[in-house]
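Order of writing sets the labels: A, B, C and D. Residues in every chain begin at 1.
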Amino acid sequence: MNIIPQIVANSLIAGSIYALIALGFNLVYGATRFVNMVPGALAAIGGYTVFFLFNRLGLNIYFSVIAGVVVAGFFGYLSDRLVFRKLRSHKASNLVSFVASLGIFTMLQALISILFTSQFQSVLSVTENPKTYQILGATFTWVQGLIFITSIAAFVSLALILKKTSFGKAVRAVSDDEEVSKIIGINTNRLISWIFFIGSCLIGLSGIFIGFDIGINPTMGLFIILEGATASIIGGIGNVYGGFLGAFLLGFVENFGILKIPGEWKPAIAFGLLILFLIFKPEGIMNKKK
Amino acid sequence: MAYLIHLLILFAIYGILGLSLNLVMGYTGLLSVTHGAFFGIGAYATAILMTHAGLNFFVALIVGLVLSGVVSFIIGAILSRLSGDYFVLGTVGLNYLIVTVLINWSDLTRGPLGIAGIHKPHFFGLSFSDTPAFLVLSLIFLALTFLVARFVVNSSFGRALKAIREDQKALQVFGYNIFSYKLAIFTISGALAAIAGALFASYITFINPASFDVMQSVFILAVVVLGGLGSLRGSLLGALLLVIIPELLRFVGFPSEIAAQTRQAIYGLLLVVLMLYRPQGLIGEYKL
Amino acid sequence: MFSIQTKNLKKHFDGVYAVDDLSIKIETGQITSIIGPNGSGKTTLINTLSGLLEIDGGLVVIEESEKLSKITPHEIPSFGITRTFQNIHLFEQMTILDNILVVLTDRQVFRAIFETHQTFHLKIAEEVLTRVGLWEKRGQLAVNLSYGQRKLLEIARALAMDAKIYLLDEPFAGLFPEMVKIISGIIKELKQESKTVILIEHDMGLIRELSDYVFVLDSGKLLAEGKPSEVLAKREVIEAYLGE
Amino acid sequence: MSKTVKIVIWLVVIVIVIAIGASLSKKGSNPDTGTGPIKIGFIGPLTGDTAGIGENVRAAVEVARDEINAAGGVNKRQVEVIFEDGQCDPKAAANAGNKLVSVDKVVAIIGGLCSSETLAVAPIAEQAKVPLISDASTNPKITDAGDYIFRFVPSDLFQGKFDAEYIMNTMKKSKVGILYCLSDWCTGIKDVFKQNFASSGTVVDEEGYQQDARDLRSQITKIKAAKPDVIYFLGYSEASIVGLKQLQELGVKTPIFGGDAWDDVKIAEGAGKAANGAMFSVTASSKYPQSFIDAMTVKKADKELNNYSGRGYDILKVLADIIGRVGVDSTKIKDELYKVKDYQGIGDTYTLDAKGDLATANYSVKKFQDSKIVLVQ
């Protein structure tokens, strides 16, 4: 029984989750130009909000998902408004902002485990048998299918917003050069907060999907942000299209790599790839050489 | 009182780690999140040499020092090419890689089972098995590390490091091969961290890969950032505060189930407040 | 004897030729000025000569012996070259004294670790800093100096290198008259010590007063060269400056 | 950075250190003087990804403490249990151990749940002559960690051997695919299982996964390709729920056998139908008494009742019984612990051998059936 189609399916599923994270991560990185750890905690916040609304209060699933995304986005906006905006006014270096984002990350993660204990929770109760689909011998559940479609949709809509709308042009201007865009009258602070909001919504969504597919626990954030960052570097940091491509490349390399080497080396593949790209092609596939 | 001695031993270990990281971060301006791995390499080198090869602690320490120096040379060679955000991400990636190697190379490191039964150091009949004696030994090593660090910092090499921190591009033009300087400071800092690793392995008598992961590197980073970048005494201060104060929280009667999480939350808040109001740390001079 | 020559030197950024097939000869012991409108490739030329930018084509010849198609920044002192920067590159959070000492002490890693600055280093530093009037302020951090003092410190740092060839990128930009006098005095002293000076400047008065030879660049090409009085009178030079 | 600010900061630091020293010596009660509460320590992971198990055992020990105190305590003295977070990390466990031994001067310590905690605290307890009784550390190295070190859980040697024999002889399978987590418990059992299984079966594939990894699809796909006739799946609750679901999603029909960490209602409910038919071995223990389950429900820890919480409860009960007989002298307690024989607890029947380990460990096999756990043998 040939397992290649199953490996391809696994890679696509992993790739689409990484894609959502990478899209959000890149959007935020593009505007702020530093490695931000906060989105990791936002993924957990998204997942836990849905868990609280759907599992604990039993509200409608679609409402809880939308609420989860908005709450994650709000926390992203809040972190920019209270901390990063101040740091930008101090002209703080991006290493200072990195350490600050690390502080917020640790704090949010600790608060979640205080509120929800550090138990592992599965969001979708699986009593009813999950409907699985079969394509060319590769099986996947409707949740995984939904993740794949949403990540494609998120990518397309984001690409359209950036290209067509005036908001999109302003976002690209700020990503290129914050000072210049200040001069030509863009209220960069407000815009960056909006970018934070959208980026955090995307990452919150990825946290929610991980919750549906696998489950959530407070310490899920660190690995998510590292995978997201790796995918963005491979694709081209700050470049939204690059992040999307890098995510699927990472998914494929990770899953096909396992064929050759034993499973326990799986995280080594992702970080090995990260180091290789950092040294030989730091600007990633999509960006031109800086 | 034995508990305070125990904490002071940990202070000495984290003081050595803080000093060695400050050389790379405070003086050369490289934000490295891989120091936990150097700490681990030193611990594992000593533990393996003492348990498998039955070497005396001090011999194992020296061999461990050299081994970690070689590994940090290789890592330095890889990382010194990167700069800014890429450097930070590169160090995080390498830390993960090294921990994965420690977990999976099970015939050398016994993988997740860790290495147990590492006995205390003894030196021609003089045994350091009880904690006060071990504290004296650790403080001696801390003093040695401090002197080495001060020697390096006050030398012309140290001044060049600060210049790399300030303006690497300009310094090149005046005849400095930046790559070899970064490589040298990485090796020195890695070797010094190995001392802390050896002390940790022999004091706790059991090590496993989990205690040398990215979170450990973040803790060491916090020690340096809190104490102050570019100030050796600052790293000692940072180590003292971040080892002692969390233990105080054990006595503040938090209900036991949230005591540990509140510590994490306060520690995260500390980082944020520091970065907002005092990025150069308590008694540091260099703003990151 | 020409201490530096460029042979069809080329430097491009994504197709735009900042330095386009440039061949110039710099006379030893002379003050040679390079003038031209903004964006004519002056700073790019200096950055290429000092190894900060890769050479895309052509050669750089040092002392008519070394033919170089590639220069790494840290090897230029071995060719007797040093420079200052148009936008100041000082070691900000270090004292003025350290800014000088760092270019005096040993470069080799191993020897540098076991060396601390000696009295003779201090003597040179004192001499150079007194020349620019900053010796009393040697304990202060570079970041706290005024704009003019920082320009002087950059010059002092270059002097401390005791090089043969000095690349000065707009050393007078934005200075008060008495600071201009100090720096032009230093440049003249360099000439008496038969050092080669390449000066980038916009102030025509200074050009006439200081330079022995002038090259005029326009969008990377050599427009004109010669004595300052002849070159500055040429019609096309004036047009290039006024912009057609 | 004016001089005065630096001096002020150093003064503040010195004051803090003195304050700590004073508070430690003042707070540290002198050795047990026969009055006031009997202090017993507890070390287990209250944060991190094994905190789920840690919190559950803590609740069980609290239930035991309340029962003892309600019945008038021991020799008319109340029992006080001091809970410290070991975080499954040697340094944190050593911190906790030192604090319990030298500041709180506890009479005995329940714990190290993770083997890494027990191995780190063992030398501290041994030096202070304070008995350390682990409720869940199965690393074989603990057997000879010291004569004050005990455990009320069988070492990996027993479980690995039993599982290998059960799969070979009862299930009559010969080609096994092993999926194991990279933690001391899983690796320990896997190594012992492989030694015993080699006698008549072959291990067709062996895939490890990070303890907190949640996407096991690639490992499962590889094992499926190796066509084993049984899968030996070792993991804690979280990874097991996810693993069982993904095994079902990937259409794996081969029978699955797990370790005693699966004796957890949460896995039955979390994995639901995906776990149907999966079997696992667990130390033969009668079902928990209803009174225990009700008490745990009160502490809202009922959903996560697992194999180790019963053991934590039993250890405190055994300690109370011993202290009742021989008083609080820790050496006497140590000697009594070696004499524990056929003590019928709620988690197991305990008989300790000369090394402080459980002498016997008979296992029963259970299986998941429609979100319930059913006894097979």
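Keep in mind that, in the parts below, a contact is a pair of C-beta atoms (placed from the backbone, for glycine too) under 8 Å apart; a residue touches a chain by one contact, two chains touch by 3 or more.
Here the structure is a predicted model, which means the values were calculated and not measured.
Considering every other chain in turn, the ones in contact with both chain C and chain D prove to be B.
The chain with its CA mean position farthest from that of chain C is D. Chain B has the Cα centre that lies closest to the mean of all protein Cα atoms in view. Set side by side, A-B and B-C show the greater C-beta contact count at A-B.
Mean C-alpha positions place chain A and chain B at a centre distance of 31 Å. Per-chain CA centroids place chain B at a distance of 43 Å from chain C. Centre-to-centre separation of chain A and chain D, using mean CA positions: 35 Å.
Chain A and chain C have Cα centroids lying 48 Å from one another.
The set of chain D residues touching two or more other chains comprises 47, 55, 182, 208.
Within chain A, the positions touching two or more other chains are listed as 113, 117-118, 262, 264, 267. With touch defined as above, chain C holds no residue shared between interfaces to two or more other chains.
Working note: touching chain pairs come out as A-B, A-D, B-C, B-D.
Residue ranges of chain A in contact with chain B, taken from their complex: 34-35, 83, 86-87, 92-100, 102-111, 113-114, 117-118, 222, 226, 229-230, 233, 237, 262, 264-265, 267-268, 271-272, 274-275, 278-279, 282.
Partner chain D is touched in their complex by these residues of chain B: 1-4, 6-7, 10, 103-104, 106, 111-114, 116-117, 130, 200, 203-208, 210-211, 237, 240-241, 244-245, 247-248, 250-251, 256-257, 259-261, 264, 282-283, 285. Chain D makes touch with chain A in their complex at residues 47-49, 51-52, 55, 179, 182, 206-210, 212-219, 221-222, 224-225, 237-238, 241-242, 245, 248-251, 269-274, 304, 371. Against chain A, the residues of chain B that register as touching in their complex are 31, 78, 81-82, 84-86, 88-90, 92-94, 96-97, 100-101, 103-104, 214, 218, 221, 225, 257-258, 261-262, 264-265, 267-276, 279, 287-288.
Listing the residues of chain A that touch chain D in their complex gives 1, 3, 6-7, 10, 13-14, 113, 117-120, 122, 125-127, 129-130, 132, 139-141, 210, 214-215, 217, 219-220, 223, 254-255, 258-259, 262-264, 266-267.
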